[in-house]
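Each in structure tokens, the structures are laid out below.
One chain, subunit A, appears in both complexes that follow, with subunit B as partner in the first and subunit C in the second.
On to the complex of A and B.
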């Protein structure tokens, strides 16, 4: 697979369910192989992004908590 | 001070633009409202055209809802030049300003979802025009059986509760016509749960179940094959329907901005969430649906932001709280409100008849409220104060 683009979604300061909206907006324009990195501060983002991954079948490469944000790194793999 | 009046140009004569224009004192400001078309629309009523066949008029001349001293120019705005401080009209004429307020609202973009234009042509929608809302009314009236899909397309949209309001009113429509056992209703959304904010969803999800309405979450609409009557998600999941009503992706209106880096990818204008100042500019503001702010696209937001900007223009201290107060019709004469602000998540505000009556009362006062803010502001202020999210949360959670 060719090297995908890296897309950064900064959803810090956006309250639930805003971060998912921002992720979906980026996902809409992404292609398989692209990496989407989401930054969020809303604690609800963590369970939501896990559920999103489970439901859509994309790949969660990393989900980590930093002192000032939650970072999710997602590889787009499920688009048809 | 007998100084020169400050020139304020407001682009857009919808709820936010008109409320702001009417609030600015005439001895201090020379206010000009520009709009490409002559009407102020009460958009929330598209819902009742679509699902109730309501014939109540939903537009009035902008001129008639502005104070007599406010100038009105019916013209599109071709260019908004924030650097040189002017708005260029369609005929090339330039309006120079001391302060600019962008209140252009949002528009719909069918091109983001292949097949959506044909879907709207066939079944209508209730987020664009009166004509399309009437088409929804025809769609549901001609259905005797099958599946009605109401699908929230990914992206921004006006009025957070409106997709589910349509779902609930459609259910009521078919039940009252004794067709409920023949017509299946499915709601598909890209959000993790039917209503995106968790506390409100705790009321809504059980209600969907109680009324036998199916829902599909994390459904990111990709395209629609209207001939085959199938909607596809981005992962290829198929949703078969006999009729589909789609809440289309919304975008900012097509105006050229200088510089263009004040716009996001969907042409919404970037701004400060507390003051509504356009990113990088002290003398330009954006209110209502036109902004890229992560706040609800609703008349209440435009109304409250207009109040903040009016105070800032008069040199007062003011900042937005991010307050929402969206009426939510759940059918059968029942309703709730989506109440939240920057500091408090959505309140689990109970569903009852009084809330629905509030919505209807508000609709009845809409144009009067725009034209006479001096009369209505104290009433709204009392209401907003009594229903502050921080006060409601301990009561309702």
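On to the complex of A and C.
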């Protein structure tokens, strides 16, 4: 299998529901195997990205809080 | 993404900014998640979709808190509810105006901003669209 692309979504400074909207926009053009990394500062992003993962069935590889941002690393697995 | 069976419909009646903001937020989030989104503007809210929209109005009882809230919204760079509604529309949300209220106000489809309003429809059409999904009255 070919290696997926890495996509960075910088949603820092964007208020809810902006970060999820930006993630969805990137997801639309993504393919299974791609890795999407999202940076966000809105505190709602942490629970929201978990809800999005639960809804879409993609894989959350990592969700960490850094001093200046929340980072979510998602593996795209649920594209039809 | 979802199978598209999730659906949310809103009847937007109040024309005050405090109630229009959540319309934008919920519409944008739901559209991003792949919900079918139908928004039916009636009452005072309808006048916000005109080519020459009604000016922003806040409810009297919260007037003192408005400057602080606006400051906060600017600080977090929150988009306006109109911008959020446009985002929602770009992801498939539909915006309708109540034909009965439009008639009562002497407004035609041509009076409404075509970048916001998809159509003028009767409540029967709206109820059929909303059937089986969640409905909010705002």
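Simple rule for what comes next: the second predicted complex is superposed on the first by the 80 of 80 C-alpha atoms of A that agree within 3 Å, B and C clash if a C-alpha of one lies under 4 Å from a C-alpha of the other, contacts with A are read in each partner's own complex, and residues count from 1 in each chain.
Note that contacts are C-beta pairs under 8 Å (C-beta built on N, C-alpha and C of every residue); 3 or more make two chains touch, one makes a residue touch a chain.
What you see is a predicted model; the values in this text were computed from it and never measured.
**Q** Now for A:14: first (subunit B), second (subunit C), both, or neither, which partner does it touch?
**A** After superposing on A, A:14 lies in contact with both subunit B and subunit C.
**Q** Mind working out whether A:61 is in touch with subunit B, subunit C, both or neither, as first, second, both or neither?
**A** Neither: A:61 stays clear of subunit B and subunit C.
**Q** Kindly classify A:71 by the partners it touches after superposition: subunit B alone (first), subunit C alone (second), both, or neither?
**A** A:71: touches no partner chain.
**Q** Just subunit B (first), just subunit C (second), both, or neither: which does A:24 touch?
**A** Once the two structures are laid over each other on A, A:24 reaches both partners.
**Q** On subunit A, which partner's contacts cover more residues, subunit B's or subunit C's?
**A** After superposing on chain A, more of subunit A is contacted by B.
**Q** Using the superposition on chain A described above, determine whether A:44 touches subunit B (first), subunit C (second), both, or neither.
**A** Touch partner of A:44: subunit B, not subunit C.
**Q** When the two structures are overlaid on chain A, which partner does A:52 contact: first (subunit B), second (subunit C), both, or neither?
**A** both
**Q** Can you pull the subunit A residues that subunit B and subunit C both touch?
**A** In the superposed arrangement, which is not itself an observed complex, subunit A uses residues 13-18, 20-21, 24, 27, 52, 55-56, 78 for both subunit B and subunit C.
**Q** Enumerate the contact residues on subunit A facing subunit C in the complex.
**A** 13-18, 20-21, 24, 27, 42, 52, 55-56, 78
**Q** Residue numbers of subunit B touching subunit A in their complex, please.
**A** My answer: residues 112, 154-156, 190-192, 196-198, 217-218, 220, 222, 232, 234-236, 265-266, 294, 340, 342, 345.
**Q** Please name which positions on subunit A make contact with subunit B in the complex.
**A** 13-18, 20-21, 24-25, 27-28, 44, 48, 51-52, 55-57, 78-80
**Q** Over in the complex, which subunit C residues touch subunit A? Could you list them?
**A** 1-2, 25, 28-29, 32-34, 76-79, 84, 87, 91
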